[in-house]
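To keep things simple, chains are lettered A, B, C and D as they appear, and every chain counts its residues starting from 1.
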Amino acid sequence: MTVRVGVLGATGAVGQRLIQLVDPHPQFELVAVTASDESAGKSYREAAKWRVESPIPDDVAEMTVGRTDPADVPDDVDLLFSSLPSSVGEAVEPAFVEEGYVVSSNSSNARTDDDVPLVIPEVNADHLGLIEVQRDRRGWDGALLKNPNCSTITMVPPLAAVDEAAGLDRVTVATLQAVSGAGYSGVTSMEIIDNAIPHIGGEELKMESESRKLLGEFDGAEVHWHDADVAASCNRIPTLDGHLENVWVDTVEDLSPDAAAEAMASYSSLDLPSSPEPLVHVFKEPDRPQPRLDRMLGEGMAVAAGGLRETTEGLQFNCLAHNTLRGAAGASLLNAELLAEEEYV
Amino acid sequence: MTVRVGVLGATGAVGQRLIQLVDPHPQFELVAVTASDESAGKSYREAAKWRVESPIPDDVAEMTVGRTDPADVPDDVDLLFSSLPSSVGEAVEPAFVEEGYVVSSNSSNARTDDDVPLVIPEVNADHLGLIEVQRDRRGWDGALLKNPNCSTITMVPPLAAVDEAAGLDRVTVATLQAVSGAGYSGVTSMEIIDNAIPHIGGEELKMESESRKLLGEFDGAEVHWHDADVAASCNRIPTLDGHLENVWVDTVEDLSPDAAAEAMASYSSLDLPSSPEPLVHVFKEPDRPQPRLDRMLGEGMAVAAGGLRETTEGLQFNCLAHNTLRGAAGASLLNAELLAEEEYV
Amino acid sequence: MTVRVGVLGATGAVGQRLIQLVDPHPQFELVAVTASDESAGKSYREAAKWRVESPIPDDVAEMTVGRTDPADVPDDVDLLFSSLPSSVGEAVEPAFVEEGYVVSSNSSNARTDDDVPLVIPEVNADHLGLIEVQRDRRGWDGALLKNPNCSTITMVPPLAAVDEAAGLDRVTVATLQAVSGAGYSGVTSMEIIDNAIPHIGGEELKMESESRKLLGEFDGAEVHWHDADVAASCNRIPTLDGHLENVWVDTVEDLSPDAAAEAMASYSSLDLPSSPEPLVHVFKEPDRPQPRLDRMLGEGMAVAAGGLRETTEGLQFNCLAHNTLRGAAGASLLNAELLAEEEYV
Amino acid sequence: MTVRVGVLGATGAVGQRLIQLVDPHPQFELVAVTASDESAGKSYREAAKWRVESPIPDDVAEMTVGRTDPADVPDDVDLLFSSLPSSVGEAVEPAFVEEGYVVSSNSSNARTDDDVPLVIPEVNADHLGLIEVQRDRRGWDGALLKNPNCSTITMVPPLAAVDEAAGLDRVTVATLQAVSGAGYSGVTSMEIIDNAIPHIGGEELKMESESRKLLGEFDGAEVHWHDADVAASCNRIPTLDGHLENVWVDTVEDLSPDAAAEAMASYSSLDLPSSPEPLVHVFKEPDRPQPRLDRMLGEGMAVAAGGLRETTEGLQFNCLAHNTLRGAAGASLLNAELLAEEEYV
């Protein structure tokens, strides 16, 4: 069965990736694209400055861009992807859901709201149940589902495996993030060539809160956030794609590096069209994963881990994921596949 | 009074930096350069593939390179700098000291030996007293003094300030290290363009042990290593010079970010020719220090710190130093200046 | 019909690419790999430090590496690929051909020898006839076929199209070459980050001579080199793959940019398994081709051209090709496919 | 005698460089800074996002930014530097000159106007005489003087030396330009990491026309442009500062590479405060100049040349200059020093 979908904010960097992924998708048919008022009325080809390596799909190129407004989106669209700036998302996403649309959103607004599920399908698919709470509380027919920030998505699958095996007590993480995470024009070349920037505004807090919500327990009424301490330090470095992270973990029970590797390698995978198999690829080589070599594992949807070792401060490991695929557009897509499987659309 | 000096391993990357620093030095006069047997007998210009931005000093260019052997170094040399590969240093440094030479060494061998002082002058100048122990034990007339690894030097001054103010309990550090730290040919362009490497062989252990020795107490007979837990994760990134580090610190007593900043900014400085003033430059801007912008603070001899904030896991801050100046050649030079001030030469 | 092939110099950068391309090839079956004497006897997995993004093929990984000597290669091998250093190639390639092997070589030795065909299949397949001259003159049973240098391959297809349309009189070319062209360790990161190097030893001469031989005429007995003046200036820049070139052409007859674009876009293509269609992809956008965006056109086997305009000095255009695919391993592969088609194996 | 100066467009990239250069200048005293209307009224510290490595001068930091309007600039300012966007420069520069100000401008507007001198002091200081023509024709009391584009400045000094020695007939040039040439935000990191862009809008035409005007002859009434053919192709590459150029020259008379090197090395230099000595630094090493190693020659005000060789298409050489120092802010400064020496202020 084909699901008719639209993309809100279709001309941006994540929007373009979504179109690249949705166009050949076996289950989804793209029927609507929206953008800001200045772009509305133009062809998608004209409105989007296409940046993705593969060429712009011909049929999408000729679609007319609509305004990002429920009145401008056909009623028979079943599902909307949203990759809007968070300030815009905050304003318009509720309007769409109120009109009955199901929205799979990558925007950072509302991610930690009590009644908005924040989901990585392989990790906490059961949090989808929060949609019922959301509908009850807000009187909505549609649904609003969020995926987390790209840097959070990278570390949560291996952390979830460790949590399942030995319980998480304290997590310390330093990130080495690619420039594409800031959008096409987010980092100038003068800022980053021969340089690194040890701060990404708001990113540390997102990693600290979103990870605890994702690893929390849903009891049918609310999500009890995981009570581990999480502290993050975020750095931008001169890589194009792929966030690399150094993680230290204090666990409740002892966990050897080998047992942790085993837990990660065998951690849950799903049978959705875009699910990688395995979810977490574990390297034995101490100098892997590396962004350029490993970001395309599982067609950009896998997480890579490596460098597992015991330290005086617990388990240490490194992890990596493709920030605009697994970490953004692919995350929204996988959430949409989960919504379809669970018959929310 | 002029000190006559020589450089062992003068043609390598650190050796060249040493020559750049020693040549205009008010106190030192360069009279001997040595290298491997293949280079011996050539002019320095011919033997060294000069890589430093400033031109090769004319007088040094015409010096004849000697073999790295006590027999090939004039007796009236007062002090030797050593930037030999550690396997070579291990073999020949003791031979020179036995002959009565005072050696300021950047090589990694013997740094954690009981009777070898490992010194950052502003941090633990008193460890120089270990030279008496060394002479007693080994029957040497000369002296062997070491400076630490470049990534260790970067974090120890701010850590020492925090230790003095509130006591260190646990230190976690992730590094973003420049390619020059691996020597001129250590990292190929194919390895590092659009990439990062989450492992530098042996570097984690050096940071964990050397920092504890540097922060330890010398009681006149031995150095009692600091008992803080230190865990490091080392990454290579595409920067040319300047190691950036993210540090988390659990302190024994409470220490606010403001108090920590104050402790760092006012931390000990010395009156040696190459000492920067201040030693630690503290930035208020959360996105500083950055390698390209800040590595030349204090003519490459200062340490920069910034991003101080309180987390659920204690104090977090970032620090930076120029790895081949403050972290290698400049470190040996400063140690030599200390040796001269303390009349070991 | 399957052709049994071997790779001489299989552990190097081009050798690895060859194995990546030959392993899934419909026509070729890899049965022998050779390397230097130190590697002989090891498994290929052990001997090669595998650098290609796709994993090392399992069956190849377990092959035993032989010495690069006719005595160490099975007699029933039909065709050998050679990606040896030119000094080695000069010594051993004739020995293999003398023993009857047909060799498709990427090594730079012998490329401009009178009786050695230098071929880009789409451009001068007829030069293959030189093999008869070679056999007559040298008394060989086998055959030695060369592909040109990577920077030459990039410009020759569009130049051939222009030559066919209007006759070449004078060609001036400046290259912006990727670091992979120098092999895995050829360019250190210290040399090239935030830098460019305006000289590549020997490369200018290769472009000037090889292009004239490729564009020359074979009269059944010898190749009459094209008499156009060709002058090249070669630069190394911080890109990983893809050589970009700025070309100016004085033509014998007038040729408008539009007519030149048309000539390039419709230039000869072949029906070999690895031939791209079209051979030359012509961009209308003035800022294309770009290395990162366009190097994988035609699975890395196409040449891209763009920026065609008329200047006071004739036609100007830019061109680009993937230097280790179309420019090296893929070039040898295509030559081997031509040899098979023409029944030399 | 001190000259009181102001900077129009003081908050931009070139404006900041100008302030860095003017602040310690022995002859100039900075008394006014202007910017766009939004910045007017703020302190310079607040209005400028300071990007230069050396800290913002304290006295300048506290200056109040004025509007870029003659009414907002004190009458006793003797000389104005202009680094305005060309569309703004076109509108306001004449208004300032009409009010009697002498303007040394880096903006690209009006550079090829008949009565506007375009000057590199060491090359064509006599073109300053065009100011009289300008004053006559326009009824101005002030004066408008332009420096050329950064990529033009790089090649013109060595070309002028060759022209003087043997006469220029045809010039072909390919550039490898640094990202700072496009301003602080002109090139995003996503555009240029692992990439090159073979087109810079309008740059080719600037090089072709400005170089011919600079090398032209002023007969007291007008400048007769040089009649050499000049063709340029401009590329952006991942370097921070320093434009590298490959140049081919057909000369009227024969000129050996050695004679050309001698002509360049001994080419005119001036005794202005910011003049380098020599103007053109000629390298014997074939792989120099290189941007990172050589851009700071002569404190960023020299031009470097190298790689001189004879080709079938005449003389070939490479040249390099620091694009924001010798190529922009330093060029305007040198022109201002010339105006002071020639008593136009």
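The definition used in the following text is that contacts are C-beta pairs under 8 Å (C-beta built on N, C-alpha and C of every residue); 3 or more make two chains touch, one makes a residue touch a chain.
Here the structure is a predicted model, which means the values were calculated and not measured.
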{"item": "Chain pair showing more contacts of the two, B-C and C-D", "value": "C-D"}
{"item": "Taking each chain's C-alpha mean as its centre, the one farthest from chain D", "value": "A"}
{"item": "Gap in Å, rounded to a whole number, between the CA centres of chain D and chain B", "value": "42"}
{"item": "Inter-chain centre distance, chain C versus chain D - centres from mean C-alpha coordinates, in Å", "value": "42"}
{"item": "Whole-Å gap separating chain B and chain C, where each centre is the average of the chain's CA atoms", "value": "47"}
{"item": "Numbers and ranges of chain D residues touching at least 2 other chains", "value": "193-194, 238-240, 293"}
{"item": "Contact footprint of chain D on chain B as seen in their complex", "value": "53, 193-194, 293, 296"}
{"item": "Contact footprint of chain A on chain B as seen in their complex", "value": "170, 172, 174, 176, 193-199, 208, 229-231, 233, 235, 237-240, 244, 246, 248, 286-293, 306-307, 311-313, 316, 318"}
{"item": "Residue ranges of chain A touching chain D (in the complex, touch as defined)", "value": "51, 179-180, 184-194, 238-240"}
